[in-house]
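Common to both upcoming complexes is chain A, partnered first by chain B, then by chain C.
After this line comes the complex of A and B, so read on.
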């Protein structure tokens, strides 16, 4: 990592989180600098999804700190965290099934106050990545195929012009060809400050900095087996 | 035939009132998954506020009927909305993450609180008002002597309902607030991840539902010329039946269900017996729950996500 004296975009310190009595994060440290692509890898149940959700306060951190841009956001309400332009394409995609594709994207744009020009620019960017979505604008989210839903989830997150973008398992359950399209799109986003993760090999290859998580604890940097 | 036509008109008007109340049940159910049993009493409060503001305006010497109606409408919508907001804030929100039945029990409690409060504050007697809107049209006079009439009150009730429903539909379908409400209804966590203040959106749902119930309360006052502290109970259960019949959670369903219940009740009273008109409505509730649990326009629980 570079030794520049910049404030990290995201700094997580000794973070703990639990679901009831099940401890899912047992002291996680993670630093992401502006402009960095980070792949977070780890076995099923390691706590990757939980880490991303805890950044949004769901579940709440039990201990430790989350600093975004140097500000402590631990314990802030979820919707306020989203307004700081942190976006997530969550596990399971969570498309609004009874909203059109256009409305799903609009929900992303609504996450931060943006001008009409910025909104149009955001749509262009999403369509450039996923031309398929443009043809489907009027279709209900719940009737899209899995791959299209994944594109929509990523597109929706991009509509908020995020400073930190988190993608949880962007290739899960997708045909290899569609998965490749998704990772191509992530690489195209390369110049944005992003935090990506996903298919272990590809994600690690796309990132210079894979971080590994094991049973709720950081497990040191591993090298991709690609 | 003329008699039947007359009953259709009457049933349609009554159904508009039920439909306006039913929307509040269905909206709240959609977003927080609970039956707001106090909603009928919110409708009753709306009727009382309409009555009080009407009397106040008249005592100020105001005589222009359209102006009076407009002010009464806005005042009762605003104050009743405040009641709806308060009920959610003090009785439901603190229990939101409690066990499933807790908010329902709290709602039943709120229903008693509101009706007893009205009884104490306003007295137990029925409060009549002189007819505010008079006159009407004769649509058809048959040789047998029966006339089909459309009164001006009926016209006002139906037009007001249609206008408010149009505004409401636009709000839900086209505005940011409406989109946020639908997002919260479909996935609250995801809505929050996208910057939606879920608590505020739920509050607004109660506010809008209460405002529509206030419109229904005022229409009831105009149509029947009276209000009483108990009217929220029966009307509330019928509107709830309407919401279930239309498919709980479905907004067009609530309106359709309201019209259906209004028509059934009116036709039943006209052709069978007035005494048993409430039985008719509740029998429908039971039959629907047994044979058509998702209602006329309801969607099945399973959804491809």
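After this line comes the complex of A and C, so read on.
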């Protein structure tokens, strides 16, 4: 694990971002290596969501660099970043309520140009991970339970076969049992090749390597007593 | 317990009667205050300009009594019907029959539409009305792309209708271009203006978007009125050429279609031709929309309507998604406008007021946002129904307004609020989403 000659999958160097005059990120450094689960934890307003969204291009970085696989992606538009196979499951799930489960999943595949075979493969992978979604395929997204919606949000992000999967608050508002299922799924995913993901909070237990943010600055590394 | 129950219901009913009476009295009082001036006193300018007025207490009393009685009836109906949102069990046989009817209505309607000129060949009025309805069906389907699918509230749709109409009128009268050359040009020009409107409103949503599009519609109309040298201003453009059947005019002359076919000329030929022309254009709009809905761009429109933040999180380019929605909707509006110009032979800014935008928007909303069949049915009801009520004279608008309010209470999602999914994986309809209540999965 330690002697890794490859470049890190994601390298963030003194990144700054702001909403208007309010600076949300004040020089963040973060490195994520291939195959790693990274948990980003911190208090409310620490800048966790902002960091994820800045990696995704919105809000734009004011200063600093974001390197994905060695390439600078700072300031690139969101849809181009998605094409590099970085996927995001936003906070609060945000599935499309009036569209069916199948359509929601299809939306995840639409942003990256993938072939019919790749799409089918992606579907199989999502259904293997979350068999509940297969049962609910024809149902409208808005009719799913909270846990199923979270599964759908993660599944939707997975449809673009991401190399980096970022999950914002994957256990928000879920019963502990369902949250455990979600984190089990995340660990399962991580054992499959060519996958890295960052997530946070309760994910600290799933991660060997949580990072902590405090008021827009890195605040050392916290090791959970897992 | 058993003895108590009837007494309780009796008590609540008695209390209900008092409540109904009280409500009716309040309504009657409000009506009295409102109508005492509106109906109770009639004023008129006398022969030498002075004000004459006389009282109409009889009418006032009748109005107040009507409101009183109406209030009681409405309250009784409401009690009999039960609270709003009560789930009523429909027997399966009726459900099955309804499902069959729902599936059959679109093909039946289409066949009937094709046969309209055959059935009503001698009734010019009905043919004209049918052409008008179809024009609004096409406009409704066009706006449905913007409002129903992409969820962008557009109050200035008539601007693109105007752009299409004036494009054809000016190209045809100034350069002598034929309808079939101008039709795509009108569509392209309208789509261009749709993009132009799209750029400044990219960051706007909901109310703010509605205000800007409303202003855009007015700007186009005012430019048309004031740019006299190009558009003829308030006088409009006249002498717009009639459409030809790929170069063959529908005139009584020797080179006309009737002469060539060796049949007797009749002015109805042109009406029938116009009918099938607008029917073909409307069906093209429908077909393109249905196809687009199954492509990534159509799905992106619908996803944009559902949740813009989620769209960005998935890496969907929201800029191109919005612009294509505006451009596609505008293009269909422009095509319909070109048809309008060739049918009328004369256009003026008066045809492109905000009322038209509102009417088309009402068709889309009443039809059920995003539903193609719903929009067609709504256009039929709105335009056809409006003509049906012509005998009611000044009460026409009143009846119309009441009908709209009732429809929105009865079906808040529009005539057809059901949305068919476009992605199917092996088995398509395992569970009808209609049967599952939101949040109770």
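One rule holds in what follows: the second predicted complex is superposed on the first by the 211 of 226 C-alpha atoms of A that agree within 3 Å, B and C clash if a C-alpha of one lies under 4 Å from a C-alpha of the other, contacts with A are read in each partner's own complex, and residues count from 1 in each chain.
Basically, contacts are C-beta pairs under 8 Å (C-beta built on N, C-alpha and C of every residue); 3 or more make two chains touch, one makes a residue touch a chain.
Here the structure is a predicted model, which is why all the values come from computation and not from measurement.
In the model built by aligning both structures on chain A, chain B clashes with chain C. Look at A:33: by the touch rule set out above, it reaches neither chain B nor chain C. Of the two partners chain B and chain C, more residues of chain A are touched by C.
Of the two partner chains placed by the overlay, only chain C lies in contact with A:100; chain B stays clear of it. In the superposition on chain A, contact of A:137 is made with chain C only, not with chain B.
By the document's definition of touching, both partners, chain B and chain C, reach A:78. Clashing C-alpha atoms with chain B after superposition occur in a single stretch of chain C, namely 130-138 (options considered: 76-84, 130-138 or 256-264). The intersection of chain A residues touching chain B with those touching chain C, taken from the two complexes, comprises 56, 58, 77-79, 82-83, 87-88, 90, 94-99, 103, 106-108, 110-112, 142-143, 156, 160.
Those residues of chain C lying in contact with chain A across their complex are 296, 299-300, 302-303, 306-307, 309-310, 312-317, 419, 421-425, 427-431, 433, 436-441. Within the complex formed with chain A, the residues of chain B that make contact are 176, 179-180, 182-183, 186-187, 189-198, 303-305. Across the complex, chain A meets chain B through its residues 56, 58, 77-79, 82-83, 87-88, 90, 92, 94-99, 103, 106-108, 110-112, 142-143, 156, 160.
Residues of chain A that touch chain C in their complex: 56, 58, 77-79, 81-83, 87-90, 94-100, 102-103, 105-108, 110-112, 123, 136-140, 142-145, 148, 156-157, 160.
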